[in-house]
Amino acid sequence: VLSLAVIGAGRIGAVHAASVAAHPGAELRLVADPVGSSAETLAAQHGARATTRVEDVLEADDVDAVIICSPTPLHVDQIIASVAAGKAVLCEKPVDLSLERVDRCLAAVAGQEHRVMMGFNRRFDPSVAEIHARVRSGEIGALEQLTIISRDPAAPPASYVAQSGGIFRDMTIHDLDMVTHFLGDVVEVSAVGQQLDADIAATGDFDAAVVTLTTASGAVATIINSRHCATGYDQRLEAFGPLGSLQLTNPTATHVRHFGATRAEATGPHLDFFLERYAADYRAELDHFVASVVAGTAPVPGLADGRAALVLADAATRSARTGERVRVDAAAVATH
Amino acid sequence: VLSLAVIGAGRIGAVHAASVAAHPGAELRLVADPVGSSAETLAAQHGARATTRVEDVLEADDVDAVIICSPTPLHVDQIIASVAAGKAVLCEKPVDLSLERVDRCLAAVAGQEHRVMMGFNRRFDPSVAEIHARVRSGEIGALEQLTIISRDPAAPPASYVAQSGGIFRDMTIHDLDMVTHFLGDVVEVSAVGQQLDADIAATGDFDAAVVTLTTASGAVATIINSRHCATGYDQRLEAFGPLGSLQLTNPTATHVRHFGATRAEATGPHLDFFLERYAADYRAELDHFVASVVAGTAPVPGLADGRAALVLADAATRSARTGERVRVDAAAVATH
Amino acid sequence: VLSLAVIGAGRIGAVHAASVAAHPGAELRLVADPVGSSAETLAAQHGARATTRVEDVLEADDVDAVIICSPTPLHVDQIIASVAAGKAVLCEKPVDLSLERVDRCLAAVAGQEHRVMMGFNRRFDPSVAEIHARVRSGEIGALEQLTIISRDPAAPPASYVAQSGGIFRDMTIHDLDMVTHFLGDVVEVSAVGQQLDADIAATGDFDAAVVTLTTASGAVATIINSRHCATGYDQRLEAFGPLGSLQLTNPTATHVRHFGATRAEATGPHLDFFLERYAADYRAELDHFVASVVAGTAPVPGLADGRAALVLADAATRSARTGERVRVDAAAVATH
Amino acid sequence: VLSLAVIGAGRIGAVHAASVAAHPGAELRLVADPVGSSAETLAAQHGARATTRVEDVLEADDVDAVIICSPTPLHVDQIIASVAAGKAVLCEKPVDLSLERVDRCLAAVAGQEHRVMMGFNRRFDPSVAEIHARVRSGEIGALEQLTIISRDPAAPPASYVAQSGGIFRDMTIHDLDMVTHFLGDVVEVSAVGQQLDADIAATGDFDAAVVTLTTASGAVATIINSRHCATGYDQRLEAFGPLGSLQLTNPTATHVRHFGATRAEATGPHLDFFLERYAADYRAELDHFVASVVAGTAPVPGLADGRAALVLADAATRSARTGERVRVDAAAVATH
């Protein structure tokens, strides 16, 4: 049984703590959060100890691995310190908003990269995983066009947006990781940002975007993003090849269809929140992390994948700002 | 090119006349209707002659075949006279509301049965035809459960209902013909009638019904009918066997889906009228008739199929009235 | 926090134990099973005590309520004893296979009926609950036709079937409870049994069936059952009224659609097992039980609902065996 | 009744001739084709005269309007000559592959533009028309993202491709007209071409492409094209706005769903040919043309729309060739 600590007792920390508690091969020992009451409340729910000091986690003999759920600016230091302390790490995305700091992190953990996993949960979505496996099996032939539509139910507060690093680093980064996951040989990025929401525009950020990524193999990926969607969380993906295509569709909360006088076959709205939509992902993600640590193998996605997504996000940001297409060093994003 | 006449210039006569006009192997020569202006209007649309006398049709040297679209009580006499005059016949369903008269008709055309086709259009629906062919091909194994849901958009006037022969002979008969088409070895009929519409109840008829038919092979068919359906014409069929099932679903007028705040994936309502829903059927039906007459082969469904559907409708009527299950002579309904 | 014991540590006992462990308002204290190792394994998983004696449950001061997951023949005695011992009871369906014994049970707990809930899990399925609420709200008008298609992925062993009480008491009983839930005023039952599976036929039971139930209100319910279904668990329900209809459709394991050369839009197969299909139901069912016990109100469905379903199952059995329709005492099934 | 001539008796000429023949307000008088036998065959089918000389059409007193279905390089001269001869014109898309020649055409018919309609049939697709009307009605709020996926079942011969003007002018032009139709204020075009098919690559053309179009209003349109699609004709469109979205989905030939052991709910493949997919469009297009000519109003889309689509296709071609985004004169594409 792997012993874990969670650093950061916020919303996503609570999700991971619950996953650990429910996992037959894992045990939650410690929860750390600078706000002591938050740490204590979460720890108490799962019979773990609480602390306000990250150092306590690093020094704990009964902690094999840590899940980093702290604010993004703390990620790099905590990854480096955890690895130095001999802990395996599962870190929430992104590694950091600065490529320079990501590279510093990679340098610091050199030789121990296989001890760090990045929490790109969507790779572990059962439907995404199924499509990925079927594409890899050759069912649709060589992937030619990857189309991702990804829209959130509603925009976060402008105050959050202002510190988010921009839509491409904050929101699109999940979709860019999908591109890395499915294609991985991106050579050029072209992005168009939209400013339809005045509050977000006031922060200088975009609230919607379309990104086109071309690859060395000739495949093209398209990402269509929006910070809002009336029907709820809208997360679709289409892998198209010469033999057919595979589509990820949106789940609804129930399996009810209504037929009335003005319409036939109306379902309820889509799930409205990412924790609800992607609940199964976090469990599968933890499962992969635990299995990798136990086996001593490198979990995927790792730090290099985190870096690749950021390289693409930076390129998209630059493209949207300059109106130019931006070349990407294929080696930087071809992580596997 | 086969030369045809249409007897009866009403709604369904106009459908058949247009199908003949558009058919490359058929020509419309004559339209007969006791209301001269109706005959003339329809004939003029397609460059044909008009008459008020059925005798003119029977005597016309340039008419090879007739399509009988007159009121039901006239069908039997017109079938007998047409066959006697050497014409092939496509007769709208039903043959008659009285089994005795149907048997008289069969006796009168004995030896010439292959010259008469009954217009059970649903057999020619492209979707029904596809399901039938796939069931016959063994794709789902031996048919075990056939479920038909068949609902009209709105009830006809009570005055029509009063002369219709009752829901089983007027509406269910199409579904009963489907049972004959897919199974054909019915041995028992159990029917429940519903009186939810006061106007129809006042005529003594039912406006909804559920019929269960058991067969010698062990398969069971279920028919669920209603004279009204808010979403429009509701015509579904499910063939279930050990290897899978095949379903007929309802078409909508356009291929648009709406996603809004209160629902995802709403289509428009179903098609609202049988002529619209089944437009393709009438063309395919005529095509089979023309091809059979030209080849000298027996068209299907024939008079025996018309009789089988009536036997089942009579049994359902009796069952619904008495509350008893009614045995059926399997030989009477096993037409093929 | 409500303290619970589980009697019976088999497959369904394990499901309930896990639900209790995960419920914030409930605690698992005791697991009883005549096979000591089964009780101990399940108890250990959730930090509870184990015993081989039901008496230990009845005598335990720290147990407020019991969940009875033992074999059906033990249900009645354990319900009676538990209620007598002051415990609230959630009992797996059915109460018993014998109406006489059910009535004895009701007599024994007279005045304490509100302490017993029957585990008809489907009422708690989120989709069924949604449809029920929308029908009750009047969205489709007065319910006219209720159509239930309910098929299992594969038949149980003939040895199980032989002791099951027959398809109507073992399998259809869930669907009959749906009829009670949605309509409740059944006056007549007509059932047709099918013997398509030789092994099951050898036990004298049916492996497929169609049941028609008429009600005092004029609504008609139809149930179509099969012990096998190639596509997996097939659980559909359609509530039809004058203003529209609501359908329960089948979930699939993932949200992937494949489009290939021979077909468009193929999903994966349906969920293949009732524990998987109905996982959410058991949690919602427990939630209702816990809330009712805490509030001192009568949980629904109760013993009377369990009796009503058995009355209908008995009627269906008799109808299928005799070929006659069977009248039902409306008072016996109108539980609310 | 409007009298028409068809110039060009090829595949699309035959479609239009049949539409005219079936239209109650139109009559086919003349079919012209340099291949006399083609003209005669088509004319005979609909009781019209035939000629090998376009001049005969221009001089015919009994011809009010012409439908130009000749090869693209002949369009401009035939439009000019027809308008000069007093005929109304419905011309198949595109006007021409050269913007210079299109401008020459516009100059030549100056003052008579309302006598020329361009055959962008997709605007008349019932589903597209419904979406357009619902967007215009404000149902989804201001259009923010328009996403078009448009794939042909199979690539045309390389010999055709070589003379087609390139994928953007030949295939994407239909989708670009959709952008004009829905948005109309494009200011920049960014296109990526793909060369996945060696035969087409040998001609120097692309066989797949992704085009992003930004507009003055802030909306963005994305077009995803491929010359092949295993599932058949793939023609989707999604209009997304703050209040919801509207999707155009692909029709299938029949309404059958198959459920088997390895999958649930498989439909048949999409329609495989544009004439089949868009049959209804050509009839609606002709209807609009006839009504406009009779009323003396300007049909839409007109020559200016044909020019706008070509401007966008030229921009996409340049963008794909240079790797630069291309600015567009908004006035050139804002036709309404």
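In order of appearance the chains are A, B, C and D, and numbering begins at 1 in each one.
Operating definition for what follows: a residue touches a chain if its C-beta (ideal position, glycine included) is under 8 Å from a C-beta of that chain, and two chains touch if they have at least 3 such contacts.
These numbers come from a predicted model, not from an experiment.
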Touch-network distance, chain A to chain D, counted in steps: 1
Of all other chains, the one whose Cα centre sits farthest from chain A: B
Centre-of-Cα separation between chain C and chain A, whole angstrom: 40
Interchain centroid distance [CA atoms averaged], chain C/chain D, Å: 58
Multi-partner residues of chain C (each touching 2 or more other chains): 140, 230-231, 243-245, 250, 258-261, 268
In the complex with chain D, residue positions of chain A that touch it: 140, 144-145, 147, 149, 151, 188, 190, 192, 194-196, 208, 210, 212, 214, 218-220, 222, 224, 226, 228-231, 238, 240, 242-245, 323-325
Interface residues, chain A side, partner chain B - complex: 230-232, 250, 252, 258-270
Chain B contact footprint on chain D (complex, rising order): 22, 126-127, 130-131, 134, 139-140, 243-251, 253-261, 268
